[in-house]
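Report on the following structure.
Each chain gets a letter, A, B, C, D, E and F, in the order it is written, and its residues are counted from 1.
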Amino acid sequence: MSKMLSKTDTFMGCECPFDEAEIVMFSAPFDSTTSFRPGARFAGGAIRQNSFGIESYSPYQKKDLFDLKIMDAGDLELPFGNTQRTLDTIGQQTTEILESGKKPFMIGGEHLVTLGALSPVAKKYPELHILHFDAHADLRDDYLGERLSHATVMRRAWEILGDKRIYQGGIRSGDSREFKFAEEHTIMSKFNLNRMENFIRALEGKPVYFSLDLDILDPSIFAGTGTPEAGGVTFKELHHAVLLMKDLNIVGCDVVELAPHYDQSGISTMVACKIIREILMVMS
Amino acid sequence: MSKMLSKTDTFMGCECPFDEAEIVMFSAPFDSTTSFRPGARFAGGAIRQNSFGIESYSPYQKKDLFDLKIMDAGDLELPFGNTQRTLDTIGQQTTEILESGKKPFMIGGEHLVTLGALSPVAKKYPELHILHFDAHADLRDDYLGERLSHATVMRRAWEILGDKRIYQGGIRSGDSREFKFAEEHTIMSKFNLNRMENFIRALEGKPVYFSLDLDILDPSIFAGTGTPEAGGVTFKELHHAVLLMKDLNIVGCDVVELAPHYDQSGISTMVACKIIREILMVMS
Amino acid sequence: MSKMLSKTDTFMGCECPFDEAEIVMFSAPFDSTTSFRPGARFAGGAIRQNSFGIESYSPYQKKDLFDLKIMDAGDLELPFGNTQRTLDTIGQQTTEILESGKKPFMIGGEHLVTLGALSPVAKKYPELHILHFDAHADLRDDYLGERLSHATVMRRAWEILGDKRIYQGGIRSGDSREFKFAEEHTIMSKFNLNRMENFIRALEGKPVYFSLDLDILDPSIFAGTGTPEAGGVTFKELHHAVLLMKDLNIVGCDVVELAPHYDQSGISTMVACKIIREILMVMS
Amino acid sequence: MSKMLSKTDTFMGCECPFDEAEIVMFSAPFDSTTSFRPGARFAGGAIRQNSFGIESYSPYQKKDLFDLKIMDAGDLELPFGNTQRTLDTIGQQTTEILESGKKPFMIGGEHLVTLGALSPVAKKYPELHILHFDAHADLRDDYLGERLSHATVMRRAWEILGDKRIYQGGIRSGDSREFKFAEEHTIMSKFNLNRMENFIRALEGKPVYFSLDLDILDPSIFAGTGTPEAGGVTFKELHHAVLLMKDLNIVGCDVVELAPHYDQSGISTMVACKIIREILMVMS
Amino acid sequence: MSKMLSKTDTFMGCECPFDEAEIVMFSAPFDSTTSFRPGARFAGGAIRQNSFGIESYSPYQKKDLFDLKIMDAGDLELPFGNTQRTLDTIGQQTTEILESGKKPFMIGGEHLVTLGALSPVAKKYPELHILHFDAHADLRDDYLGERLSHATVMRRAWEILGDKRIYQGGIRSGDSREFKFAEEHTIMSKFNLNRMENFIRALEGKPVYFSLDLDILDPSIFAGTGTPEAGGVTFKELHHAVLLMKDLNIVGCDVVELAPHYDQSGISTMVACKIIREILMVMS
Amino acid sequence: MSKMLSKTDTFMGCECPFDEAEIVMFSAPFDSTTSFRPGARFAGGAIRQNSFGIESYSPYQKKDLFDLKIMDAGDLELPFGNTQRTLDTIGQQTTEILESGKKPFMIGGEHLVTLGALSPVAKKYPELHILHFDAHADLRDDYLGERLSHATVMRRAWEILGDKRIYQGGIRSGDSREFKFAEEHTIMSKFNLNRMENFIRALEGKPVYFSLDLDILDPSIFAGTGTPEAGGVTFKELHHAVLLMKDLNIVGCDVVELAPHYDQSGISTMVACKIIREILMVMS
């Protein structure tokens, strides 16, 4: 009596069994360090629920999501309000996925969740590079005294990976020290993704972790986020950059900072669904 | 590696296996005959996603939902835009539940979905009575020429059950013929639930199907519905009536007409979650 | 080819020809003196457009609006931004209606529009009394130096009608001088409508202008207004008071201060539609 | 006493008498086959009510709408919930307009309404071609078993008109079979309107029906629609394409899929108003 | 040139100099432990900005706020994301106020902020009792392992004050252990404020800290909060209880859990403004 | 005890003492002549409250706002509902600022407020030119009979300054006479800012008043305004034009027509904050 099995509410019906999956998605409902407008904790549920509003077929890539081997494992249960244990739980989930030879794909939550997933990926791939799209540099050493913050996550990543391993695109906000730090320690395409083709050439052949803070998008198309910053890239520019990544070896990915309540038109959530579909196809 | 099973998104975690369940919930995402503001199709998902915002324990009934045997089977897949086949699909689901000796609990969708579930329940229980809470009489013979409509559902139910089997509470809208029909063929508590204790006495010992159109509530507390009607009952009045039902033999239930988009504060959805929790406890 | 006549968008289809009409409705899209949240100019259009969401039949009064002789003449074209000429235009419209032996029914706009309609009504009926429902006393002599303001409208009305001719209900906001003025010059039921039955007895047999500022309602049911004030009456309390007026000789009426944009659930507009339907029936 | 005629609420005051009109507008409040977010039924009223927020003069075309001969006949009364009879009613209205030598201009509703208007236009103009702007191909043979659906409307149109008569622009969503079908049977400019100048050349001199699904626009500028799809054209791109049409013989037109409730800023409705003004000028 | 002083944006213009003030208000923008919907951090700013929408005069108490000696000291700068240091900062602010012989009045933030203010108040007044209005018992020992949480705040308060010192009203949510704990260790009026007159009698003559979680209100009137719970008290019931407190010796107060973004009608913020005005008058 | 000073709520903390300030900001909460959607009165408060959501450092200009000498003097108290006295009050404030050798920077309110500030600036700088960015020409001689209106403000400015002193960019709405007037009396870049570099060359060395009506932006990025007009410039285009102004001698500035309630995502307010930051840096 199969109809009486509880139906699973997954991203676009991605219900490939774990053993057969190539990519394993999960979401991390955490936003405790958000400094302006909290609410990214609700992103995973909103994305799953609205994902059936778009097609599984991409006319851009001429692929169908239903032909790919993707499992959506749902929301992690996180130890609420405890930042370090949250990162540990994300790390365990990521480790399990990596040890089974699969690729992790995390939906945030705020940007700090990246740190939890990055650690095991970096351990597995010593040559790991990060491709980081964002409005904000996220390179502070601390934020109001806290070292674990959405505003420090790429500084922490740099401590793991070292110099010139982080490629940053779209950055248009930060303090002066962050931009100075970037000049010396990361590779940054300020304000836009114009240097993306150079990035692709530099990263080809290397293991790459792709961290997409959706606030790289202009708030006209992505209002539903904690720290919206005018002057961002269009959806087409972001999408074009994603399509270019088909030549990269992306070994892990996250898509963060959708805070769905702030965009009651639902557009931000639909945008997240579409770019996730396209990234999944690029990674497969 | 149990964490990697796809997590199920059910009402407050009601994941009792089918075989052990006493009550089986499902939702029917249908709103094709809504005459004013459509959108009740989104109720099931919204209710599941927000149900974790309330406690599983009821201080009113001193019960915990986790102690009850309830399975939430998720959204039905309905043949979109085909009213008759939609009712048939609901009927099959309900039949399956009934044949296994369990009680069906349907989340609408608009009110016409009641008709799909009612038929098999009435077949199983020839003595079936309906307890119908609503702002609208729903007793039209046809609505703009259509006989299958949210505005005709109780007329269709009357054709199945016959005279004086439908107990209606809170009714404050309809045309003059509907109120005339009610005087002759149903039992109606106009405008409020003041006759509820009489209803309980009359229904005691009989098999009862409880159909709750949430627009019986005043729009101050329930704005998210297709045809809001001022002058409704308060949440406390509705809740009090539900608590009185503990002495009834409720053999099936539906809760319909939440259209979550119209109440962007989320309150209507939270109200639906709480009253569903309370009804489930009354039925157990 | 009648279908090709431009269809008229009137309140619930009230399209009785002027010559046959008993009541003539019109709306006055003016909100220039609103001190807090402007937007009452949009009330007329919102009310017309949403009025088809309720029934023409009232089960409370057992009447159908379609049996009454009501014409809705639409939005006045007002000289934008000029308060005195706006009041003059309202006055001319009202005079025309009165001279034809019909009753004016105005939809605001903000409360100052009452003054425009009141003058010709008072001229026609020297014994005129006002029944004024509101959260605010509106008895200031001036508001920040301006004598024509939504906050002074009942003071101006008193200048026309004199002492003890204004019966005020539901008042719960004002400065201390307004309440002092009321003690001496008007009849006031503070905070609620509990003295309504006394009011009815006192007003019986006299010509009455009914001015309903919808913010008398609690903001739980009526959020869409310029100066919401918690602690108001429920819809049922307001409705009960309206039903009591069936014994009064209401010679003119206005319903003001719906500002639909502030309540995006649409409930405030639906509430306005329903109470207007009920008042129209009471006046017929 | 002309002021007492019921005022008509038409698109920007387009009240040319039928006999003198060159173009006759009407709206079709239908959204029964919408698969994701319903509500396009409310488009006509919203467009009329907000149309006074823009100027009648176009600095782009140096024309004034008040100089053109346009009648707005209002909302059709449709047999609610009955798809075939809805299409028949639209067909009768269109036939009447065509038989009087005027051009029909329909405001949706969802996209299926196009089918109702298209049939009589195609009958009158055997050489008819369609210019179809949309995010979605709408070329499915059936949608979940239904042949009359917003997702099949251009397939049905193809059955009427035959191969290579449908010019599609902006298409960025569909399943793989739809894109395959398009390669063989229609002319498609995928993702954008870059081939628009070719389209114009090919269509010059032929009778053209222009069907504008507003979701061709990027959701950044048009959030208020049932199936928003990121990556659309900008308003300037769409507007530029419309201006190019001045050399075409447009014999009928529709503008569909505004669902105003989903964009509570009102921008989507204002966008619809402006593009309708521009199309009306191009058609005159 | 006084106009060129930076104007201060305070609650209703409460700008009494510190030395002369009887009550000192401040707000604590903290919501890190909110388990469902975060955003209470924005309450202070929203309340100040909208407070000019109500009158300074209370017709209920016949007092004017401008006659009282109240200073609003603005938002505290809190060490973001660090719960313990946040409580310490609140504690220092409160201590300073107490040491100057003034009464602290804190606007939350989420409910945990109460703990910061309570400690110094309890130190100054060894006989301190708490009057706690809330939908939730807040008596958990820990919440998902964390002892400092909005769900544990009254348990922590009990650890400071001891048995039968906490009077709780309106409680309608919690787990079974919390209600059991309440039976033994606090005084609780479940579901409503019906025992308020008893509470007043019991508390008369004692120093009382009043902690008002605004979610005690029904969500019909207070939608803008993190964990809305249907079945709450009306504004009038809450207001009546506040007026009864005029006979108590309230030595400190907080009003918490307004999360303004969730109620875009602005009503929740206006409700907070009015009840704060009334409490300030009761305390003076 | 400095913490107990009332905290000032200024734009991004711009609290330079008046005597030391180079630029003095203030806001003018006026929207009485708004013809479509009122609400610009709330802009100043919304901008101040949300300004802490962006960084003080601009990576575009490599400057930090905290290094500049800017005072924010808060909202003017305007004589409500009296247009002429409002303009006079703005004029006095501006005069005071100018006489102290500082530059005025006004936040609207609707566009008519420009007239109040312009008069004293033009008196001080007889060679004054205006750089005017807007969707609307604002060149009517009167608007529905009123000469003081947001739709006439640049006509009034022309009466002060004379021919060819007003440079207009982005204009895409008006009636035909306004565009004819512009051809003869102003310099206009229709539809976009493409002629901006010419403007800069022409204006170099002259005293310039910059009046920015934010509705020059496309409604996709700026929905929160009274008369949104599709087809505007992007944020990047506006920002680029602002950066070009660094070579101009801007002696006064205003930023007008944010009506925050219409964009409940908060994006319009954030956009205003960022462009104000950038203009302040260009002016310093």
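One rule holds in what follows: a contact is a pair of C-beta atoms (placed from the backbone, for glycine too) under 8 Å apart; a residue touches a chain by one contact, two chains touch by 3 or more.
Note that the structure is predicted; figures quoted are calculated from it, not measured.
*Asks:* If more than half of the interface residue numbers appear on both sides, call it same; otherwise different. Which is it for chain C and chain D?
*Replies:* On the two sides of the chain D and chain C interface, the residue numbers are mostly the same, over half being shared.
*Asks:* Distance from the CA centroid of chain B to that of chain C, rounded to the nearest Å?
*Replies:* From the centre of chain B to the centre of chain C is 38 Å.
*Asks:* Between chain A and chain C, what is the gap in Å from one C-alpha centre to the other?
*Replies:* Chain centroid spacing, chain A to chain C, equals 55 Å.
*Asks:* Quick one: which residues in chain B touch 2 or more of the other chains?
*Replies:* 37, 218, 220-221, 262, 264-265
*Asks:* So which chains actually touch one another? I want all the pairs, not just one.
*Replies:* Every touching chain pair, ordered by label, is A-B, A-D, A-E, A-F, B-C, B-D, B-E, C-D, C-E, C-F, D-F, E-F.
*Asks:* Which residues of chain C touch chain E once you look at their complex with the stated criterion?
*Replies:* Touching chain E: residues 36-37, 171-176, 179, 190-191, 218-221, 223-224, 227-231, 262-265 of chain C.
*Asks:* If you look only at chain C, which of its residues touch chain B in the complex?
*Replies:* 52-57, 59-60, 62, 64, 218, 220-221, 234-236, 239, 264-267, 270-271, 274-275
*Asks:* Which residues of chain B touch chain A in their complex?
*Replies:* 1, 3-10, 15, 18, 24, 45-46, 48-49, 71-75, 93, 96-97, 264
*Asks:* Please give the residue numbers of chain E that touch chain A in the complex, ascending.
*Replies:* It comes out as residues 31-35, 37-39, 41, 79-83, 143-146, 149, 261-262, 264.
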